[in-house]
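Okay, got some structures for you below.
You will see subunit A twice below: alongside subunit B first, and alongside subunit C after that.
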Partner chain A sequence: MKFGVVVFPGTWSDRDCGWVIDQVVGAKLQYLWHKDADLKGCDCVILPGGFAYGDYLRTGAIARFAPVMQEVGEFADRGGLVWGICNGFQILCEAGLLPGALIRNASLEYRCEWTHLSVERTDLAFTSQCAEREVIRVPIGHGEGSYFAEPAVLSRLEQNGQVVFRYCDAGGRVVPGANPNGSLHNIAGIINKRGNVLGMMPHPERCSEPELGGADGLKLFRSVAGHGLKVLMS
Partner chain B sequence: MIRVVARVIVTPKPVVNDPQGITVKQGLATLGFREVEDVRVGKYIEVSMEAESMHEARERVEAMCRQLLANHIIEDFHFEVDQVVRR
Partner chain C sequence: MSLDTVDSRRLREVALTPEEYRVIVEKLRRPPNAVELGMLGVLWSEHCSYKSSKALLRRLPSAGEAVLQGPGENAGAVEIGAGWAAVFKIESHNHPSAIEPYQGAATGVGGIIRDVIAMGARPIALLDSLRFGPLPGSRHHFDGVVAGIGGYGNCIGIPTVGGEVYFDECYTNNPIVNAMCVGLVRVDRLMRARAEGTGNSLMLVGADTGRDGIHGASFASVELDESSSERRPAVQVGNPFLEKCLLEACMDLAQTDAVVAVQDLGAAGLTSSVAECAGRVPGAGARIDVSLVPRRERGMTPYDVMLSESQERMLVVVQRGRESEVERIFQIWDLTSAVIGDVTDDGHLTVFDQTQVVARLPIDLLTDGAPLRRLASTAPEPAPSLHLDSLPPLLDPGESLLRLLASPNLCSRRPIFRRYDHMVGDSTVVAPGGDAALLRVKGTRLGLAMTTDCNARYCHLDPNLGAQHAVAEAARNIVATGARPLAVTDCLNFANPDRPEVYWELEETIAGLAQACRALEVPIVSGNVSLYNDSAGTSAIHPTPVVGMIGVIDDYGRRLEAGLKHEGDFVLLVGSSHNDLGGSEYLKVEHGTVAGRPPALDLAREGVVNRLILAAAKAGQLRSAHDCADGGMLVALAECCLLGGMGVRCPALRPEAPLRLDAAFFGETPGRFIVSVASRAMPELQTLARRHHVEISLLGMSGGDTVEFEGQLRLPLDRIRQAWETGLQF
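Let's look at the complex of A and B:
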């Protein structure tokens, strides 16, 4: 499994993701510059957090025009694994690879804190190492992470089981008090219908070693790395 | 060719929660503007360009709004196009 980590001008979580992939998981790592027009044989492409192109106009609005995004779109169409974290989730929505949009937090505050997430899908390449309905502890850091979609889109997401992570309390209850940003249905992460494009606001790369206060994020990286092995064996 | 300036206004859709608007409304109420019923905070974008005609200019600006200037999921837009007279 070779991970590609896309670097846009203004990306800031690329090295954190790279560290986890290279130093903690021990998988192959390739940084991909936003002007690159090929994905260099990567099996999973990560769009990390940050403020790509300064988040001018809207978060992710300009990044979607980067040359590398054309390749990412085609890669996703072929079934390749694409993983948008924080700003990466915003970019995937702007690019139309995931439905909905991420708007200003209801509190108007930039929220940088630990959250609990209920894992609602464990059959995915990204979550296979999690137990069903497991509660994982993952930090957020964003000002515009409030998930919005039209009612028809939202009910389609729910019917298809496309909500992967929901903000919950430590006991796994999905309650308004556990929602840090006003996301509809407490949504913290969604997957496309095919199951190969994941977008999530929380940062698993910031909690993949115990030294950082928690290592639940590592389960997601290990799931993807393990998925590569499974594909190889099949 | 004519020179035009397009003035584009982008606003959050009525169904989208606008915490900025709510906060500004509260601020206005604190200042005594209690008649304010609703505030929506949006964006103003000015585009200067050349076009064959006013009709073409409007079509081009409409396409710009649909493809980039506004996100149709969360935002509405409207615009005016004015011809700029060279001196």
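Let's look at the complex of A and C:
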């Protein structure tokens, strides 16, 4: 499994994702430059957190036009694994690879804090190492992370089981008090219908070692790394 | 040359005195032209020249075993082990934040980051020391500054891991905004901003130059008045995205040997960066051509270009012939770079506009020529004394605790720090909310602790002793994480030093800082002075010497945190308590008075207690440790419970005479920690404490969900949390 981490100008989780992939998981790591029109044989492409191109217009609005995004779109169409984290999720929505949009937090403030997530799909390449309805602890860091979609889109997502992560309390209850940003249906992460493009606002790369306060994020990275192995064996 | 030929209005505009003008004419043996006058005006401003404080600052200790770079560079640097150097500095952005809180604070953060980058270091953390008038009246300052710090730091991707916030009437018109940045660099890659090598090129990189911020340094060197809001154009607008690109390009640059030096463009823009860079090399000079400077707008004069304080720019001294390598690196990040001149050996800064010389000034006149000001010093009326006997006895310690925890100076800072990204970088091992923050140095077991501290109420009551307290408290905060204090950066925020009482405060503060830093063996390696924090006719701020300190722990796996962790641990008070209610939060909150002297401070004793805590931590005897400071023992104990989510049960507190009950609960005697210890580790800790001659007393046992002193107070943790977490809600 070779991970590609896309670097836009203004991206800052690239190095954190790179650290976890390279130093903690021990998988192959390739940084991908936003001007490159080549994914260099990566099996999973991560669009990391940050403020791509400053996000001055609207989060992800400029990044979707980067040369590398053309390739990412085609890669996703071929079934390749694409994983948008935070700003990456915003970019995937802008690029039309995932439905809906991320709007300003209901508090109108940036939020950096730990959240609990209920894992609602464990049959995916990204979550196979999680247990059914497992509650994982993952921090957020965003000002525009409130998930929004038209009612029709939302009910389609729910019907298809495309909601992967929901903000919940420590006991796994999906309640308004556990929602840090006003996301509809407490949505923290969704997958496309085919199951190969994941977008999530929380930062698993910030909780993949116990000394950083928790290591639940590692389950996601290991799921992807293990998926590569499974594909290889099959 | 008579003074009449220079218009006094023009002198005021560049903030020079007639006396300073006379010195300039005498040294140059001619009157300066308008461009030269502007350049000298900014560099001779208090902000750039330190003309009122320089003589005093020399008294501060700056040498030490670990010191790689002391004051005089963009930032200080100390060796922390495993081949790594920590680079750090604190700087004020008070005046801009007073009139334009968001951008003032944002550009303060941007500026201090560039100082660290210039040393070749990657910035890993930010801290902010803030002071405002009381809420809700000062909400405009508070909200704007907090949003500005977050807006810049969150976007550029450097975690904001610590700092402090205080509220006091004296800051109503003059908020204090001090930003500190810490970076890491390999010891052998540490850079200095010295313009070495005649013929080497000077390149300007980053943002284009506009008219923003002209006279910003001069503006920062006068008192604020009603017309200050008209100076809003002197406040720059930050672009954190551009600085992120600049940061990455400079990191790439530092990997090449094509670069001789990098210098931040801060206050006084191009003028100061070129002059300072050349001024650090004896005999060096520089030639620059303003027509080569990439500009944001048309019609800029050489004066505008030389004085612009446009943000996100750096000056790079490049080996002659290797300019294209540097240009390529900046192109990768879509950044402009331009050769604007070169290094000379004539000791002058010569400014061309194409072929025409528009200014020519000796470097030493620019950087070191400002006549030092000798100011009158008078001790003010002493603060009202405190008569403990007239103080009503403590009736209900529980109710007092709730009021203290809900007071703006002691309540939870979470509503602030959750607006800052404090996790990016995957290094934050101890997050904000406890004593000091602790970041790991990736690839090693080293941890770097960092904090900012100053109790300005103590400084107001006794500037010398208050300054010592600031150093001692910072050291305790570092020690409470298990790290040993290493070095200091200081930001001295004062009112108008032309007033003899203010200058006296400055003198006393520096004496106190020097004494404490010597005693605790923490050299001051960088810093900043911000004067004139008054508003015309109204209030002057308390002397506010903010101490930024870093420390190191060899194995961050042995770190300590403040929160109680295990049920059934012994909870102990380390250090002895006295009747120290002078200047305390208890006195202010419960009795509405600021009086007395700050607690007496025995610096040798501080060192001993710190060494005991570090030895016990290293031996693995402690489960938690927390500095006992503002609010006293009971507030500190409640914080240990709140942070750990665990209660404590204690027998009634029966202090031995002459210690009063109110002082035992809420007195602020320094040199104390609250620690928790597994019962089996008690004998070892007792032995260690005896060997250090430090008193330890058992307070109680951890567990449950109440804070209880039998028969004296019993409060559910939820109720305490409610008070603590809502203190900033208005």
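General remarks:
We take it that the second predicted complex is superposed on the first by the 234 of 234 C-alpha atoms of A that agree within 3 Å, B and C clash if a C-alpha of one lies under 4 Å from a C-alpha of the other, contacts with A are read in each partner's own complex, and residues count from 1 in each chain.
By definition in this document, a contact is a pair of C-beta atoms (placed from the backbone, for glycine too) under 8 Å apart; a residue touches a chain by one contact, two chains touch by 3 or more.
Worth saying up front: this structure is predicted, and the values here are computed from it rather than measured.
Legend: residue contacts after superposition of the two complexes on their common chain; A:H116 is shown touching neither subunit B nor subunit C. When the shared chain is aligned, subunit B comes close enough to touch A:G100, but subunit C does not. Once the two complexes are overlaid on the shared chain, A:G141 sits against subunit C while remaining clear of subunit B. When the two complexes are overlaid on their common chain A, residue A:W12 makes contact with subunit C while staying clear of subunit B. By the touch criterion defined above, A:R58 lies against subunit B but remains apart from subunit C after alignment on the C-alpha atoms of chain A.
In the superposition on chain A, contact is made by A:A149 with subunit B only, not with subunit C. Here subunit B and subunit C are compared by how many residues of subunit A each touches, and C touches more. Contacts from subunit B toward subunit A in the complex involve residues 12, 15-17, 19-20, 23, 68-69, 71, 73-74.
Contact residues on subunit A toward subunit C in their complex (touch as defined above): 9-10, 12-13, 15-16, 19-20, 23, 49-51, 53-56, 109-113, 139, 141, 143, 203, 205-206, 209, 211-213.
For subunit C in complex with subunit A, the touching residues are 150, 154-157, 239-242, 244-245, 333-334, 417-426, 428-429, 431, 440, 442, 556-557. Across the complex, subunit B is touched by residues 57-58, 61, 93-94, 100-101, 103-108, 146, 148-150, 182 of subunit A.
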